[in-house]
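What follows is one structure encoded as structure tokens, with my remarks underneath.
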Amino acid sequence: MTDLIEALRQVSTATLASLLLKKHGMRTRQVRDISPLAAGRCRFVGPAVTLRYAPAREDLMAEAMLDHPANPTAPLVDALPAGAVLMVEMGGSLAGGALGDIMVARLIARGAAGLVVDGAMRDVGPVAAMGLPVFCRGAAAAPSFGGVIAVEANGTIGCGGVLVRPGDLVAADEDGVVVLPAHLAAALAEAGLEQERMEGWIKARIEAGAPLKGTYPPGPEVLAEYKAGKP
Amino acid sequence: MTDLIEALRQVSTATLASLLLKKHGMRTRQVRDISPLAAGRCRFVGPAVTLRYAPAREDLMAEAMLDHPANPTAPLVDALPAGAVLMVEMGGSLAGGALGDIMVARLIARGAAGLVVDGAMRDVGPVAAMGLPVFCRGAAAAPSFGGVIAVEANGTIGCGGVLVRPGDLVAADEDGVVVLPAHLAAALAEAGLEQERMEGWIKARIEAGAPLKGTYPPGPEVLAEYKAGKP
Amino acid sequence: MTDLIEALRQVSTATLASLLLKKHGMRTRQVRDISPLAAGRCRFVGPAVTLRYAPAREDLMAEAMLDHPANPTAPLVDALPAGAVLMVEMGGSLAGGALGDIMVARLIARGAAGLVVDGAMRDVGPVAAMGLPVFCRGAAAAPSFGGVIAVEANGTIGCGGVLVRPGDLVAADEDGVVVLPAHLAAALAEAGLEQERMEGWIKARIEAGAPLKGTYPPGPEVLAEYKAGKP
Amino acid sequence: MTDLIEALRQVSTATLASLLLKKHGMRTRQVRDISPLAAGRCRFVGPAVTLRYAPAREDLMAEAMLDHPANPTAPLVDALPAGAVLMVEMGGSLAGGALGDIMVARLIARGAAGLVVDGAMRDVGPVAAMGLPVFCRGAAAAPSFGGVIAVEANGTIGCGGVLVRPGDLVAADEDGVVVLPAHLAAALAEAGLEQERMEGWIKARIEAGAPLKGTYPPGPEVLAEYKAGKP
Amino acid sequence: MTDLIEALRQVSTATLASLLLKKHGMRTRQVRDISPLAAGRCRFVGPAVTLRYAPAREDLMAEAMLDHPANPTAPLVDALPAGAVLMVEMGGSLAGGALGDIMVARLIARGAAGLVVDGAMRDVGPVAAMGLPVFCRGAAAAPSFGGVIAVEANGTIGCGGVLVRPGDLVAADEDGVVVLPAHLAAALAEAGLEQERMEGWIKARIEAGAPLKGTYPPGPEVLAEYKAGKP
Amino acid sequence: MTDLIEALRQVSTATLASLLLKKHGMRTRQVRDISPLAAGRCRFVGPAVTLRYAPAREDLMAEAMLDHPANPTAPLVDALPAGAVLMVEMGGSLAGGALGDIMVARLIARGAAGLVVDGAMRDVGPVAAMGLPVFCRGAAAAPSFGGVIAVEANGTIGCGGVLVRPGDLVAADEDGVVVLPAHLAAALAEAGLEQERMEGWIKARIEAGAPLKGTYPPGPEVLAEYKAGKP
């Protein structure tokens, strides 16, 4: 797993999405309508741990609290494996923030790699300064129980239009968050590393003045030069 | 249960929503962004049975089929209790229709009272003619597995922004669909019947030319007349 | 005024909008994002009376009630001039219905010509059967005080993106609701009647098989025939 | 072509979308965000003729008129082949109506099979009564030149998120509008007729009380009975 | 007032929103769909001064100008009390920018604490560099009179879905803008200071490795330690 | 042309939009729903070169590739005139990124002044660091052919609601992107320079404490002082 994650860290989400489409016919692996909470803090790769919220109900506030026995959040986060990415289904809700700075402090203490929420976060000022890469739909001052209630940990969720199962590999950078089905991750890493290498070589050529035609995508001559190790 | 449902059938969703707000402080019990599939076919009351969809994944088409052992839809629908309302979480997806005419035929054969989907339906031409009251967000020609996959039956869901638990009472009319927490249904029915009675009496007065002032809401004098059984 | 309204009743909103654009450079006179509550009940012309709602606040419920002295709704509606069109600013809110069946009964008793709300209505089942033409954004079971509070009667409002001042002429049909600045209404009625006449003549020609070219818009020859009273 | 269109008329868009997805991997052939102008008048099949609008510019009003030599609309419509479906790209604009009742009269005179606009129509009261099936995004009183200008006839367009080329087959019913690539139409018609036949047989079984399990989709036994011609 | 504002400056909007919900049952006090114009310049507290815009009308351009006697903007801004927060209702309009750099220069000269607009600003390049914290929905190059017209100063407004009355306390930070009813501000400040203190203590514990369970929210033991002044 | 562009560089888009509205009655010249990819890298002026995408179709992937003879992108970009602004119509699609870092490298090698896309970009991390000012609607990891296909170079397009013709002058800064009809550019530059001069003078006065009244807009006295060259 460590090697796989290390390899995926060297592959952009653009390359992964391109391979998912061309080699596996997958068009819907990018989490929609989210953006990085802190510009420049958006790169991570790790296996998904999932948390699902449902809409809140006014008479269930006690159950929505972190210390209620029925609330799955604290057990999930207190036992989070190091390197995991917490994926949260909020159904786009901006009525309250999914997690605040204390929860993020706990995620950092557990060694989380990243956090993805298809809804709002709160305490985003402090959170942005704490170092954990976070993607979300916006900020809300209200607590989560104003709008949602946690109902399930580590089930199958839909996050920003993407099916996520615990153990899927989640990769993120400036282009966003892409969720790789677990069984495809190794193949994507291998093909991705090769594609990154070739595209870097092509980009250098283009920067040096080569035209798109024949170079990108590479025609037979250019491909031969690439394979021959020419600069 | 039969008496409760019979009573709730005589109370409008407007009255139920008004009581939920005034007596129980509940503001978010109406399913959002749905409308009746067939104008004039929108009234029902019944206990909720729930089905949850997640976004689809291209390589899981087999699991998304009705006859796959992991798909919870057919067992749920084949065993649907008579009088139940099927509440479906689709997360607003219009990429494919949740259910088509054959599924609706089976729901009717099982005696379903209604169907509520926070996403698209398909075969809506035939379905509109089949008699089951349906609320949904729109129509799609594509099958559900083009956009979503069924993942859970009779769990807690969020449907159009409303938390629904199996056994909640669902009431619907032209104003839409309101979900009553099970433990409040009897109190709402009783207070609702009384409110309908008084509002009918007030409306007759207003139609006869009475001003809003003093009549709606009724002032002490008008209230006394109402209690005295005056017309 | 009666003659003006009678004339405007014979002019479609399409013709009025066309004249507003071509003769007066006005592009934004149509109320956006509303539709008729009851199909086929959408035609009226009348002077605007205005009511403005602001968002609600939980501790102001008493002030939001119709019988609170600060609430401007009941005095406005109880004194509504016959033939008036009630224009309501709700800012698009669907959290609660602006008016229900009892209020509509009172509007009908006062002789209102129409009702336009850029938000939700409630009791829409009964309301649709009561005969008053209503345009709104949708239905809500919850009462208005769940989402909004009335703050001003007969001030300048914005309804669906259109500035409305009391006394503006409001015209509605299947294409929607157009608000005519009071000082332009007479000129629009006169030009509109002539345009309707000519377009009816053109339409008959097109239905008889004439090509668009030369006929619509009419070239010199066709125009001469029209002026000469030819069929 | 006549036989093909006749066959496609007997296949629902739901069946066509299902075959497009399962046999051809096509997920995006349904025009989004449109609905029938007149309930119950929405069925047609025919080859596409295309018209593209771009946003309007205030100083180009003359060019936006139907009789301007640069405007491609009148020549296109005056020469429309009988049985064609006019597909209009408006980019979702509701600022003005693409076509009004006179244009629709001309389309009917030319024998058009249908009209699909990913934007507004005007004169929708009269148009709904004229008999041509129309799909659009809404109604606007303002003329098209208030918001858009026609720029090209019979080019490749995007209509409601779907690529349309002249000659593609367009099929519509209550579920919406599906655009069939010309080269796939015959195969879709053939497979579609067979699927309709089988689904009708299955639906009758379900209506008679058969469970989903084993019947829909049909298991080996039920399939054998279907093939054996059993009722 | 100075002490109150000073106290509120030490309380985050997240804490205020949490107290509003838990102690006062208020769920809708955060201005929706706005964000800081300049990252990192978003903190302020002050009493609200209000300005309301309505949609523009093409023939009222003169009235929309700052020097027209009917325009309430210049008198309001020229007399703005030091420390005030200008809250502007624009109904979400992005058709033109509410205020530009000259207006902001005047606000700064008057000692404004902040500016909140539920619509667009213009000259946002210069404005972002001028030091006044501004929240808005976006940028527009066009002047405000292209889309809206100022109609009232210091009335009750709705800004981003929140009722604002002159004198309400407005608090803002990275989580957004929260509007405190004037009569609750002192209680919120007091409770808020205590909550900030306790949450800081809890956060330090969590950062030191404590689990959520028992610590957040604090169980009896941890609470006792907090009250005993343990680190 | 060089002088014109040099002059326009000294005029803000706010000033240009203001002149377009006041002198030319043009309200719709700003590209909607886009923002700068890299904060602080958003200023440019140049003549438009246009590229139009239509929605993709699954069986046309080969045609959507850069090296397919029917794809107009590579010839357009390989021959891009120095100083040009590439304007791309994507119809708002976020399904895939219009251009990635290799394409942007080629645009830079050709001397492009800017890039405007009413849809997504990809490789936005590297692109933001490469120096070309880019406006777009967001980021997508997927390649463009996942959602769109290039169909035409240097035709008339609609980009973010604005008609763009090749040769129109495009001006951009923090307020966004404004498209000037070619025939008005010189007049706008001249009037714009004068307006910038006067507004700078007024702003200095306001910053020095002058009231809005009499100063902005300038009354006769202040205007006389400005014309007399007073500070």
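Annotations for the structure displayed:
Order of writing sets the labels: A, B, C, D, E and F. Residues in every chain begin at 1.
To be clear about the criterion, a residue touches a chain if its C-beta (ideal position, glycine included) is under 8 Å from a C-beta of that chain, and two chains touch if they have at least 3 such contacts.
Just so it is clear, the model here is predicted, and its values are computed rather than measured.
For the pair chain C and chain F, chains touching both partners: D, E. When the partners of chain C are compared with those of chain D, the chains appearing in both lists are B. Comparing C-D with the candidates A-E, D-F or A-B, the pair whose contacts agree for more than half of the residue-numbered pairs is A-E. Chain centres were defined as the mean of their Cα atoms; on that basis the chain farthest from chain F turns out to be B. For chain E, the chain whose average C-alpha position is most distant is D.
Mean C-alpha positions place chain A and chain D at a centre distance of 38 Å. Note on chain placement: the centre of chain B and the centre of chain F lie 48 Å apart, centres being C-alpha means. If each chain is reduced to the centroid of its CA atoms, chain A and chain F end up 31 Å from each other.
Residue positions of chain D touching 2 or more other chains: 25, 27, 39. Chain pairs that touch one another: A-B, A-E, A-F, B-C, B-D, C-D, C-E, D-F, E-F. Contacts from chain E toward chain F in the complex involve residues 39, 65-67, 73-75, 77-78, 94-95, 97, 100-103, 105-106, 108-109, 122-125, 128, 138-143, 145-146.
Every residue of chain C that touches chain E in the complex is listed here, in rising order: 24-28, 53-60, 91, 149, 151-152, 155-158, 161-163, 181. Note for the complex: chain D touches chain B at residues 12-14, 16-18, 20-21, 27, 30, 32, 35, 39, 173-176, 178, 199, 202-203, 206-207, 209, 211-213, 216-217, 219.
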